[in-house]
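Labels run A, B, C, D, E and F following the written order; every chain starts at residue 1.
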C-alpha cells in the first residue's frame, strides 16, 4: 500500500543520494524550530519531485543550479545544489557552463555570484 | 583570423538552430528601435555562450527553461525557449518535469505559470 | 492509518474551501499537461500547509496576498488568493490594507498592480 | 508653515510635470478602491522624493527606467516612466541606451521586454 | 491642524512600538549618510501606513514577514520584522507557520532562509 | 579592421576607467574557474555596452546603481558600481539620491541596504 511512510523513506534516501551531508545538516537545523518542515522537505521535493521518472537526476540538478543562480537570493541552497550536481555525476565544467549561461538570462552579477559559489564548493572538495 | 564577423555568423546560425522562426521575429522587432541590440543578441548569447563546448544544447535549454520559469517575469522569452528546447531534442516530458521541479525552488505559482506557457507552446505545434 | 489518500482528500476539501471554483479551474487546466502536478498541488499546499493548526486561514491568506503582491510576477495566482482571502472571511478593507502595506516593502508599482488585481476581483463579485 | 497640504500640492504639480495624463489616470483608477493610496502616491514619491534637490529629474527618470526594466514585473509603470523620462527631456536614444544597459545587469529578456515597452510608448507619441 | 510634525511624532511612536531598539539602530545608521531618509522612514511607513485603521498591527506584521521571506533579498529587515511581529503579539508558532507557508509561494529555499532568520531572532530573545 | 582583439582592448580600458582596482580583482577571481567568462565580461559589458555613445558614463552608472539597488541580490556588484559611479564623476549626493529614489520602486528595505552599501564604499574612500 502506498503510504506517507513509504514517501518519507523514499525521500530520505533520495535526499541522501543528492545532497549527502549537507542535506542532513539542513534537516538537523530545522529540528528545534520547524520539525514538520524537515518532514515536508523530505517528502515533497525529494520523495515526490526528485523521485519522478521522465528527467534524469543530473538534468534536474542542472535546472536547479540554473534557477538558484538566476534568482540570486539563496546562496546557501545554491552551494548545496552545486555539490548535489557533483554528487549525481555532473562535471565541474558542466556546472560552470550552466552558471555562465545565466549571464544571458539573469545578468552578469548573478553569474559572477554563482561562479563564486561554485569556486567555494569546488575548493571544499579538495580538503575532504 | 578570429573576427567579429565570424562570431556574428556563428551566432546567427546557432540562433536559427535553437530558436527558429521565433528568433527571427525577435531580431526583426528590434530593427527599428535598437538594431545594435539585435547584433549583440546574436553575438553574445548565441555566438559566444550557446556555441561553447562543455555543456550540450539540450542541457543549456533545460537550464534556461528552469531559470525563466523561476524568475517568472519574462513570459515571451520562456515560450521561445520552451520551443527552443523542443528544437534541440528535449522531449515534452522533460520540459514538463523541468518546470514542475521549479515548484520546489521558486514556488507553485511560478511552476503553474510555466506549465501554462508550455501548454500554449505545445498546442501551437499541433497547428503547424 | 495516515495514508496519501487521506492527505489528498483533506487537501481537496481545503482547496475547495479556500479557492472555490478558481481552484477547480486550476486543477482542470493541469489535467492534460501535468496531472501529477494537480495532485501535488492538492496534497502539499492544501493537504499539508493550509491544513495545519497554529495559524488561522485568514492570516494565511493575508500572508499569501502580501507575498504575491510583493513578488509581482504571478498575477493569476494573486487574483485567486484575493478571492480566497474573501472566501475565508477577510474583509475588502483588510485586503486593500495588506496590499497597500506592500508599497513600503516592495515599492509602489507592486502595490498599484496588487490594487488593480483586487479591483478586478471585487468587481467580479458584483456580477455573480 | 510646512504642512501636509503644502506637500500634497507640491507632489501633485510634480506628478503632472513628470507623468502627465498617465499620472492622472493612475490617480483616478485608485479613487474607488484606495483613495488614500492616491494621496500617498502624490505625497511621498512626488511631494518628497522627486521634489528633492541633489539629483536632476532626468537622472531620476533614467534611474527609474533602469530599475523597472531590471525588475521586469511592473510593465504598466515602466511605460509610464518611459513617457515620464521623455517628458523631462530624456532623448529616445538615452532611454534605449538605459534599457539596453540592463541586459548586462538583469539579462537579455529584461532588456528585450524593456525595449518592447519603449517601442510601444514611442509609437503612441506619433499618434497624438 | 494636521501637519508633518504630527505625522513625524505619530510615526516615531509607532516605529518604537513595533521595531523597538532595532528601529532606533536603523535611524542612527542613516544619520550620517541620509538623514532625510530616516525622516521619510518614520513618516511614510510608520506615520502613514502602520498608523492606519482597517488592519491590525499583528496582521500587518504577518504580511511583512511573509513578503520579506518570499522576496528573500532583505535579511536584515526580515529579522527586524520577525522581532516586530513578536513585539505586537504574534506568537513564535504563528511566525514559523507564516514562514513555512512561503515554501508554497516562493519555494523551499526562501522558507528555509526565513526559518534560519527566525531561529536567530528567537535565540537572541533568550539572551536579553 | 574591427576584430575581437580591438573589442577586448577597448573593453579592458573601459573596465579600468570605470571599476578601477575592483574590476581587476573580479577578473583575477575568475582566472582559475572561468577564464573565458573574464574575457566575456571585458568584451560585452565594457567593450560593447559601456563604450557606446548616446548615454554618458555617469548616467550609465546611475542606471546600474539604481538597478542593483532595486534587485537587492547582488551586494558585491552594487559596491563595485557605487565606486564606479564615483570614478566617473558622480557625486556622493547623486549616488545617495539615486538609492533613496529606489524606496519608491523597490521598497524601503532595498533602499536601506543600498544606503548601507554606499556608506561602506564611502568609508573605504577615506582610508585610501
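Please note the rule applied: contacts are C-beta pairs under 8 Å (C-beta built on N, C-alpha and C of every residue); 3 or more make two chains touch, one makes a residue touch a chain.
The shown structure was predicted, so the numbers you read here are calculated from the model rather than taken from an experiment.
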| item | value |
| --- | --- |
| Starting at chain A, fewest touch steps before arriving at chain D | 1 |
| Centroid comparison with chain A (C-alpha atoms), farthest chain | D |
| More contacts between chains, A-B or A-C | A-B |
| Chain F against chain C, contact positions shared by both copies (same if over half, else different) | same |
| Magnitude of the superposing rotation for chain E and chain F (Cα, nearest 5°) | 120 |
| Between chain D and chain F, centroid-to-centroid distance (C-alpha), Å | 23 |
| Chain A and chain E: spacing of chain centres that average the CA atoms, whole Å | 30 |
| Centre-to-centre distance between chain F and chain B (centres being mean Cα positions), rounded to whole Å | 28 |
| For chain C, residues that touch 2 or more chains besides their own | 36, 40, 44-45, 49, 52, 68, 70-74, 77, 96, 100, 102-110 |
| Chain contact topology (line, ring, star, complete or other) | complete |
| Parts of chain E lying in touch with chain C, wherever the complex brings them together | 44-45, 49, 52, 54-55, 59-60, 62-71, 74, 77, 93-94, 96-98, 100-106 |
| Chain A contact footprint on chain D (complex, rising order) | 70, 102-110 |
| Touching residues on chain D, where the partner in the complex is chain B | 71-73, 96, 99-100, 103, 107-113, 115-116, 118-119, 122 |
| Interfacial residue positions of chain D with respect to chain C in the complex | 26, 29-30, 32-34, 36-37, 40-41, 45, 68, 71-74, 76-77 |
| Contact footprint of chain A on chain C as seen in their complex | 1-4, 7, 36, 40, 44, 48-49, 52 |
